[in-house]
Amino acid sequence: MIIVMKSGAVKKDREEVLKRVRELGYQPHVIHGATRDVIGAVGDERGKTVLQSIESMHGVESVVPILQPYKLASKEVKKETSIIPITDTLSIGGKEIVVMAGPCSVESEEQIISSALAVKEAGAHVLRGGAFKPRTSPYSFQGLEEEGLKLLAKARDLTGLPIVTEVVNPETADLVAEYSDILQIGARNAQNFALLKKVGQLSRPVLLKRGMSMTIQEFLMSAEYILSEGNQKVILCERGIRTFETATRNTLDLSAIPVLKEKTHLPVIVDPSHGTGHYQYVAPMAYAAVASGADGLIIEVHPDPERASSDGPQSLKPKKFARMMAQLKLFAEAADRRL
Amino acid sequence: MIIVMKSGAVKKDREEVLKRVRELGYQPHVIHGATRDVIGAVGDERGKTVLQSIESMHGVESVVPILQPYKLASKEVKKETSIIPITDTLSIGGKEIVVMAGPCSVESEEQIISSALAVKEAGAHVLRGGAFKPRTSPYSFQGLEEEGLKLLAKARDLTGLPIVTEVVNPETADLVAEYSDILQIGARNAQNFALLKKVGQLSRPVLLKRGMSMTIQEFLMSAEYILSEGNQKVILCERGIRTFETATRNTLDLSAIPVLKEKTHLPVIVDPSHGTGHYQYVAPMAYAAVASGADGLIIEVHPDPERASSDGPQSLKPKKFARMMAQLKLFAEAADRRL
Amino acid sequence: MIIVMKSGAVKKDREEVLKRVRELGYQPHVIHGATRDVIGAVGDERGKTVLQSIESMHGVESVVPILQPYKLASKEVKKETSIIPITDTLSIGGKEIVVMAGPCSVESEEQIISSALAVKEAGAHVLRGGAFKPRTSPYSFQGLEEEGLKLLAKARDLTGLPIVTEVVNPETADLVAEYSDILQIGARNAQNFALLKKVGQLSRPVLLKRGMSMTIQEFLMSAEYILSEGNQKVILCERGIRTFETATRNTLDLSAIPVLKEKTHLPVIVDPSHGTGHYQYVAPMAYAAVASGADGLIIEVHPDPERASSDGPQSLKPKKFARMMAQLKLFAEAADRRL
Amino acid sequence: MIIVMKSGAVKKDREEVLKRVRELGYQPHVIHGATRDVIGAVGDERGKTVLQSIESMHGVESVVPILQPYKLASKEVKKETSIIPITDTLSIGGKEIVVMAGPCSVESEEQIISSALAVKEAGAHVLRGGAFKPRTSPYSFQGLEEEGLKLLAKARDLTGLPIVTEVVNPETADLVAEYSDILQIGARNAQNFALLKKVGQLSRPVLLKRGMSMTIQEFLMSAEYILSEGNQKVILCERGIRTFETATRNTLDLSAIPVLKEKTHLPVIVDPSHGTGHYQYVAPMAYAAVASGADGLIIEVHPDPERASSDGPQSLKPKKFARMMAQLKLFAEAADRRL
């Protein structure tokens, strides 16, 4: 870290800071400037946010961290993108663009089976569908819970598509892991550390969505929680951040893709359905996601969006989804990827 | 809700929408405009987000909700501010400005006892201190857990101050409720609905912090989760929202106070420590919070901020806290309140 | 507009509102709800923000606008994308992806000539370069002004590339228009209405950048200022919006592209250099921009970024730019466009 | 500045950076770390953003500025708050809280005179009123222009209140300065550098509003533009920033007050009318502004808000304004100020 002293700081202030830096196990270096001194504290900064407390000391203006606070998620540990195996024949992070598709919520056997058949037909690799639903309102449909998990499993048996579904509570995580192939952590739980630790102790791959107002650094810190518990199979998902713009439900931050590709070895997928909130913007943003370097997509498809229990406005009908998949193939090839 | 048709919508589109609105149990009213039609759907909108799905229909431009989606939290249910009892002699929401103070984390017996004595001496009403700590980094200090709860209880026995401490996991909520007088839900868990439901089933008052990127409406929906499970003792806490400004850790949204006072009967307190992130801005924002109509404050005080395990830079030393309390009294009186 | 009455509003309140709506020249329609009334005010809303003032009336909860406030920029006026002619052989908005490239600032004859030759060689269509520079600091390089314009003209003579350069003041707009082929309005002047009116009275095409915190609707209102003064040759440019994320200089809002394509006939280009602020993210975001439907790009290229007077960190070296152009061609084809 | 090298940087990279740092006239200091080196570049950073370009060099991870880029606006130049004289008997920045009040736009002689009389009666010190109006829509009322200035002057003659009014274009700045006592720069022009330079050359005090998405540092850089042209009479005005929250028109950032008070000697006032956008939130935020340390307020008051040409919903009626002034007095006293 770099400790910037105030221009009016006196020698005693500086001495106190140097003493404290050494107490904390760092080697300090002083740079004398024309108007103020700057002190570099060299050493491993990770896990030592305590250094930040020096900001409270007399004569200190600010403390600027230099190193990234994550470790297992960083490229310094592993240079190439991690390839996360999902089934014997499917993995994420390799040459293939992986598409997960399906309805927001599992609503009925007929609905999830017809969705599964339609997305498979169009070329999707994974079936999505929510059984436990985190809803903003306690009065909104909260999901079919275990019954929904069973219906997802039925759809998997019929189509061979692996399943991704959300886990919302440490208490039911084992249950969800029993039925599903990928555990999804939703945006609202992206800093629910109790839940992150729990899925970090399971063996299933985890699809971690970025929180609505999470910086990329915090996103990687949440991944670090899972990794540090032992589960190395983490897939990151950009799904839009909250900004002042209201034309879209969120602002899909596609520049996060090249930033993440630079900083981490974990694969990254994009959710253009939640990212935009309107079905008509989903296809262009799916193309853009692949062009920006994403390893996959997760897309809401519903056979009858007007009757969906949740997220109807952002769901594609199967026919539109199939059309999108056809054009997506061209963008995957331009990106030297496969679909 | 108001359904706005596209300017190019044809009669058939409109008929389909009217049919669907009636199916959902609403009485539609059409307003014919010069360039487009608008359809009003009159009826209770709460719990019926399904109406939103009409946005997927042909010829529909947008669906605009009219009613607030919360009910138990709203002023329509209860006109006066709810007065939440904490102990036999202390309650929040009445004429008295309630001040909660103490360290971010419980670190040791000596630290929490000396903090408790200091904040009591300065006039605080409640002792704060974290035993379970939600930290951005898995490598940061995670709290003393049950040991921390026991130390808090000891400090309460000694000083008589009731305790507020954070609960981070449904699994340990009963344990925390055993020791503490107020259960705090932190900003990162403000939409952890499993946790909200759990504390809604307990009888302890709940201090609900606003999420970092939560609208005021979503904040009230999270309160509604707790209220709808049966626990009516909810205290709201504004603690800053995330914006582009980096001079402060968050942007303390004090205008949320008069907005909340207009929309809900629940009492509202302010956390200027997390709101600003720097000790030198805490006192002015505490004064401003009371001037804007807040019912109380929660403030970080640490006997030795340079050695704090967390949040040192935003913690007041006991002497500064005492000086702040003295001037706060004048602002409380100007606001026709008591301290 | 839709006027939502308070649940406690009485008949007299409603009568006063109806009277006022009629005074303003609208035809009101009342929808009686279970808990409150809603009044629709049918009529042309544009230019009549006065209706908003009804929000001050007794018993009124809120006023919700329904129609878009822009007219000449809207798709209702013109269904197909406008094709803006730049030179006899170049236009923006057609099948061809138009690429504008060059240094942030014109620094010297050698620098602008070598930049122009390099970007032309790589396939760019327009040369960019700032002569009048709006800089955050008064102590930063402010541009070569008229001397810079002359150097740009020299580069045009040599390469045949038309020129885009920024205009920062109504007083110097005519001078800039004399030398340049496209007038750029920068993000910081996107709501400098005096400047917008001035360029609206000139005949040169205008490249209008989105302001840092401008909604898409406000962006189109700024375009409307130019259009309503008579200049129909407006090109929109998404260049990133301000959010909490600090890994990139701005957050490039690519979802604005499909939104704008739905709402306006004006062509839209993207600036991935300012959008990201780091050269290594420019190429992926350029590909993504074309995939999302953009009509062109504007990119910073500098022969020696380490010595650039401004924006060095986000400038591509000519070799990297050439490599980007080669791969961009593949994405243009996938999007059924030409480069 | 601090230059952070990549962990994989080699000796040659470092040598190149050191060479370049010396070329730019700085004295470099290398701190060797376990995983990477850090280079401190000591010297006056102001006006030398060129250093930032080092970020383009091979082996460099990032460049972190240390010094504030403003100088004349900073506390290092002047420790006490500047007291800006407005008239012989009125100044801003001293013990007295200065209140500016009046309608958003000057609409007619009757309207401005009755407003002036009312705000004077209630204790305001300055009359506000817009003659040149920057409006988001070209179809909205654009102000009475010179006619409006004449009416303002008439109101001043009648009441003795000095006038603050907006200047929107360098071309008409002299005209506005002839009539008015304080020149207002609006939020949308806060980085219109041509306009800032122009008012910097005039002798009138300038009320500079913070831009909608301006950091506090950028705000001070805009003030620096005015100061560096020679006009030292700058009054800063916080008026709300743009965030995701829609319950208020903007989010009034009151924590900016103590931050500004720490960093600059310029006086700071607050605009709770634009900050909140709703009349019912104006009084609580005015109280909070004074409690947080503001030197004054600017408030919209209109005799008939329902008929206002602009900003009706956020305007106070004279009676409410008078009531607010009475209670404001108590908060001013609590803050050891005078009203």
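A, B, C and D are the chain letters, set down in written order, and residue numbers restart from 1 in every chain.
Just so we're on the same page, a residue touches a chain if its C-beta (ideal position, glycine included) is under 8 Å from a C-beta of that chain, and two chains touch if they have at least 3 such contacts.
Everything quoted here is computed from the prediction, not taken from an experiment.
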Chain pair, B-C or B-D, that carries the greater number of C-beta contacts: B-D
Fitting subunit A to subunit D on CA atoms, where both chains share a sequence, rotation angle to nearest 5 degrees: 180
Selected pair, out of A-D, A-C or A-B, that shares over half of its residue contact pairs with C-D: A-B
Most distant chain from subunit C, judged by the mean position of its C-alpha atoms: B
Geometric centre distance via CA averages, subunit C-subunit B, whole Å: 38
Centroid spacing, where centroids are CA-atom means, of subunit A and subunit B in whole angstrom: 25
Geometric centre distance via CA averages, subunit D-subunit B, whole Å: 30
Residues of subunit C whose C-beta touches two or more other chains: 213, 242-244, 246
Residues on subunit A engaged by subunit B in the complex (per definition of touch): 20, 46-47, 49-50, 52-57, 63, 69-71, 134-140, 168-171, 188-189, 191-195, 197, 212-213, 218, 221, 224-225, 228-229, 242, 278-279, 305-310, 312-313, 315
Residues of subunit A defined as touching subunit C within the complex: 213, 215-217, 241, 243-248, 251-259, 262, 275-276, 280-281, 284-285, 287-293, 327, 330-331, 333-335
Residue ranges of subunit B in contact with subunit C within the complex: 2, 4, 7, 29, 31-36, 38, 40, 42-44, 64, 66-67, 76, 242-244, 246
